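Have a look at these structures, which come just after this line.
Here come two complexes built around subunit A, the first alongside subunit B, the second alongside subunit C.
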Partner chain A sequence: MFANRKTENIEKEVMDALQSARRQQPYLNAVVSFLDVEDAIEAAKSSSGKLAGLPIVLKDNVLTKGIRTTGSVAILDNYIGAYDATITTKLKEAGVVIIAKSALDGLGMGGTGTNSHTGLVHNPYDLNRMAGGSSSGSAALVASGAVSFAIGSDTGDSVRKPASFVGIVGVKPTYGRISRYGIIPYASSLDHVGYFTRSVEDAALALEVLAGRDDKDMTSSFREVESYLSNLNGDLSGKTIGILGNVIDSIKNKETLEIFDHLIEKCVTAGAKVKVITMDHKLLQTCLPVYYIIANSEATANHSNLDGVRFGMQEWGDSLEELMTNSRTKGFNFLLQKRFVIGSYSLADENQDLLLRKAQKVRRLLVEEFKNTLAEVDVLVAPASSDVAPLLTDKSADQLSARYLIAENYMVLGNFSGYPSMTIPMGKINGLPIGINITAKPFEEQVMFDVALGMEHLTGCKNMVAEVIV
Partner chain B sequence: MSFEVIIGIEIHCELKTKTKMFSGAPVSFGLPANTCVNEIDLGHPGTLPSLNKRAVELAITACELLNCKVDRLIRFDRKNYYYSDLPKGFQITQQFHPIGKDGYVDIEVDGGSKRIRINRLHMEEDTAKQFHHGDVTWIDFNRASTPLVEIVSEPDIRSGKEAASFVEKMKSLLEFGDISDVRMEEGSLRCDVNISLRPYGYEGFGTKVEIKNLNSVNNVQRAIEAEIIRQSEVYLQGESVVQSTRRYDEASRKTVLMRKKEGTVDYKYFPEPNIPPIRISDEFYQRIKDNLPKTAEQRKSSYINDLNLSEADASILTSGKDLADYFEAIVHCGAPVKNTANWLISEVLSVANLRNDRKFSDWISPSDMADLLIMIKEGKISGKQAKEVFADMVNGGKPKDIVAKKGMVQVSDEGQLFTWVTEILNQNTQSVEDYKNGKDRALGFLVGQVMKLSKGKANPAMTSEMLVKELSKR
Partner chain C sequence: MERISKNIVLSLAKGLMLRLSDEEAENIVAEFDTLLKQLDLLDQIDTTDVQEMIYPFEEPTDFFREDIVDHVLPIEDVLYNAPLEEEGYFVIPKVVKD
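Showing the complex of A and B:
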């Protein structure tokens, strides 16, 4: 917890965080680079910022000037950030001390934490399980107690899904609420800066620091940033909570449904009105393919700058074309290459009508349907995953599978629409956490936080920390 | 047998903005390589484009001057291809929704007027500049992301002469519109020509050849004329023209093959997700329309009608914006119109041509030039003296200082002139006698003597007049 905190010994707090992250590293493998903290500690001591002295972790797709920023891909392994991302600047101004850059599924592509160039990231609750992704390292380090705040990014559900798997709060605010300038992209129209905390209050405070208009990001919003923390109100009475029926229907795991139902009953007792809403089922089944096509099309173009010519890993060749081909072949693993091929195929002139343009049309239909669904309620909720974190040996994750087509992919609606969406823990199954996802109307982060706080009171799942056996 | 020539022209024109199309880095020409770049221009990870508002203003101004319909919803697209001069691996351009469409310009050819339709005008960013030395390539990213408009004509042009007139007209409109400095030799205006031939009466089009990188208006005309001959010969030999890109070789005065075009490249265009569509407000649009810069034609007719200059003088003065601006600035400082025009056309332009420098104000400020012209008009210095003063002004002197330093002030005071005239007449009785005997040449000699005595300061016209008067009394 860092909201309303009083810092007594910045140096000790930071060094403790750094030490525990270092101790956990052989087990979690969550960190790409540890940072020198001396200068930042000195700066923090004289800071009057909202987060003065708070040790934090950045996902390694957040640009840091003069500090290695790899995006967890080989082609950027030697890349030193040429500038600070807007949020890096904002966080420094708020007085944080960045202790580490965390591992992700390369370039944000993936949801397992098994696709980083530095190896697998492990779930602190069970080292044999996935932490989820793509913001794997950041999620693991908040859940392990090393830090209480870490930055992630969310293109499909890359903050909200790992939050569910490691029992912490994961927030993705409205598109445009936080500047994307200086975040290595995945897919520009779907990318959001997100973050992890262990309490709803911390999440509210964190957004105050991160949000705001940035002229360097034309999609960032001019709306004023609210005082989310001081306005926070966990009273659920009078709140209308919509349950996304399609998700419930597609979950076969009884324990997940029991925990969810139990929480909903408590919400009713606390005065909330609850409504089950069902979206067009067939339309909802398009979420994954639509996401795949749009995200990979944009990603293919977004990452055309990684060509080995100006920066990053360079693999020599006899011609410019060879140099680019060799650098990209060696610099990206098979999964990334596969996604680029899908993207390139969808963008090809002869395929665009059938793939990219069609996917964009369906995206608009989905958003329209989602908007209507939210119109009658304050928030829309559903389990953030159908089950607890999968085992690292589970090869079905990240594959196109009909098994949980809706339950495992519906959270991408938050990215299609840009609506604010967050996951908080709702309980544990056999000692492993599982979360609930809460989505609100655009720029209604306050409503989202309020309901989340009300639910946090009911679940008691606040400030949960995994015991990493070291 | 001769053919009908079908020509369309694409113009890439760098906009006169302080900063880049999508970044805050300065736009420059001729500065040391890679000094005007930031992380956005270099395509570093995580960077995002920020649209330059001034570039949009200039593009809309260009649309208005070219009579294009303006799309009030500005949208950008990505053009994807891998090349070392394209840092992001895509160029941000306006493929699907160009800001301007369906315009036209009227050009002068052989005393007549012809309308050339404009297909589209769109905004985009320039690429980096490459220098190939043997097997090494140097890249200067200063040019990367410089704002451009691309203007595409309909295939309405029928000869090299028309093409030259079209390019000349576009240069004039874009220069006087303050949109670009249109320097073809520096690449701030670049011209690609598409040309095909067909038998007269045939409705379809022949195979198109593109001629790239034409660096002057003359070369546009010459390249087209050479290409017409080449294609005619190909057809007359019963062969077919190959779709290709060629360049013009000045030495041989022929077009040379650069590459054959095999099929079309798929640039995988799609809408740029980082720039949301921007609605041009009525106020913004109206403000641009209300403040459209005057074209060369408008200025020329005002010189003729309002300033009573001859058509020939007005044409020369509006041949370039630098000159027209300079002319107006000097007149604005109070200099007489006709003399200003004469001096600019004869003296100033010849120096400018020698120096190959048209930034007139940089070497003589308009107010200094006006001072000089006013001194001539007020009879303070003679025309001959003025030329001497002008020569020194070119090297940085102020006209009044030069006149004072050289003691050049012309004496028009009748008392002083009378003293000099009397002295000379008294000293030269033989000349007085000659004059009386009808030898007119003697007057010239006497004027010369007065000038000599006055060290050149005597007003020659007044001296001559006074001598005639005094001689008649003797």
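Showing the complex of A and C:
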């Protein structure tokens, strides 16, 4: 835990973290680049920031001036950050020491940790299982104990799903709460900066450091940043917790439901009121196709500048068109190419009404329904995944089943709506962790953290570490 | 919606400046088949008179700043990543052939 910490020896703490990440690298494959830390250690020694001397990891889609930032794709494999992201600056001002840049599903597009340019990322609880994605490396390094804080990003559930699979806290705050300036984009209307910690208190402190208005990101909010840590109150009495009934109905795994039900019973004993709320089932089933159309369309447009001309990997050709085609064909893996084709199809003039605009209209209906659902309660909760982390070889998901369409993809509602949403661990099944997702109303991160803290007290799932034995 | 043909996939890829093999194009056609079934779910939703939602919130977060030069990256920082650069310009294949 780093909230309220007193650091005795910054150098030792940082070098221990670096050594731990390096030792685990052959097993987790979570790191793209290890950083030189000497200068940052010296700077941290004289820092009075809230996180002075804390070793941390950044997802490799966060720009760092003078340091390689690849987005885990071949086309950016040699890209050196030309400037710092706003959060990089904020974190440095808070005194952190960045020890590594972590692997992601290329450009944030994927949810498994199997689509990184540097290979598969492994789950520290079981190396044969997925860490989840797209913030795979950051999640794995917090779960393995290498660091206690790592940055991720969340466009669909890319922080909250891996947090469930590796037993840690994963936060996606309100859209606009954290600046996205200097983050390699995926889908601008859905992208959020998120992060991982191993306790709710740490998560509250981390948001104080990261949040705030940034004129370089015109979607960032002017709203004041609260003192989330000092205001934290885990008392659940009087809180109204809504359970998203559709998700529960679509989960077939008994153990997941038992752990969830047990926690909810404890919440009631602790004084919370509980309501099961059901959204329009037909509407909720559209989450995935709506996400697919919007996210892929925006990604196709955002990544058209990756052409091998001005930066990144270049494959020469006899004409400009051939140079770009050579560079993009070699620079993007097949999964990304496939998503760009789907995005391009939705953007074609003849399909825009039928696909993109239709998806954007259904997005509004989903958000209105979600807003009404939350109006009656303080937070809305459901298991963050239907089961524990899948095996790396598992490709069996029936993509038309209710389990897949709802239980595995409902968290994208947090991105459609921009509402704050987080995952905390709620227990283990056969030694593998599984999380609960908590969503609150816009800019009510404090309420979300309060309920999360109350639940953390009840589960005892705090500071869980699965250090890889090597 | 109608099944997407391999030719459409190849044509979209060309527009994206991507070169796909026949096998890859067929794989994408198969992916579209699943996607189109999911899109049927979308068609079942009545969106008459519904406005598109582009961004999550309507609370204004933008403003007109003063017309003063601000936040300029040094040219050497920008060109540092250029695969080929000459006298401050990016180099590309000759456009007007001899």
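Keep this in mind: the second predicted complex is superposed on the first by the 462 of 470 C-alpha atoms of A that agree within 3 Å, B and C clash if a C-alpha of one lies under 4 Å from a C-alpha of the other, contacts with A are read in each partner's own complex, and residues count from 1 in each chain.
By our rule, a residue touches a chain if its C-beta (ideal position, glycine included) is under 8 Å from a C-beta of that chain, and two chains touch if they have at least 3 such contacts.
None of the values given here were measured: they were computed from a predicted structure.
Number of subunit A residues touched is higher for C, counting subunit B against subunit C. Once chain A of one complex is fitted onto chain A of the other, the partner contacts of A:Ser297 are limited to subunit B, with no touch recorded for subunit C.
In the superposed model, A:Ile184 lies in contact with subunit B only, and not with subunit C.
With both structures placed on the common chain, the touch criterion links A:Phe416 to subunit C but leaves subunit B unconnected. Of the two partner chains, subunit C is the only one touched by A:Lys282; subunit B is not. Once the two complexes are laid over each other on the shared chain, residue contacts for A:Leu355 go to subunit C alone; subunit B is not touched.
In the superposed model, A:Met324 lies in contact with both subunit B and subunit C. In the superposition on chain A, contact of A:Phe334 is made with subunit C only, not with subunit B. By the document's definition of touching, both partners, subunit B and subunit C, reach A:Tyr83. Of the two partner chains placed around the shared chain by superposition, subunit B and subunit C are both touched by A:Phe311.
Residue overlap on subunit A between the subunit B contacts of one complex and the subunit C contacts of the other covers 79, 82-83, 189, 215-216, 218-219, 300, 304, 307, 309-311, 320-321, 324, 344, 348. Those residues of subunit C that touch subunit A in the complex are listed here as 1, 4, 8-9, 12-13, 15-20, 24, 27-28, 31-32, 34-35, 37-39, 41-45, 47, 50-57, 59, 61-62, 65, 71, 73, 77-78, 80-84, 90, 92-93, 95. Against subunit A, the residues of subunit B that register as touching in their complex are 39, 42-51, 78, 80, 82-84, 87-90, 137, 266, 268, 270, 273-276.
Put simply, subunit A touches subunit C in their complex at residues 78-80, 82-83, 175-176, 189, 215-216, 218-222, 282-283, 285-286, 288-290, 292-293, 300, 304, 307-314, 316-326, 328-329, 332, 334, 337-338, 340-342, 344-345, 348, 354-355, 357-365, 367, 399-400, 405, 416-418, 442. Contact residues on subunit A toward subunit B in their complex (touch as defined above): 61-63, 69, 71, 76, 79, 82-83, 85, 180-185, 187-189, 215-219, 297-298, 300-301, 303-307, 309-311, 320-321, 324, 344, 347-349, 352, 356.
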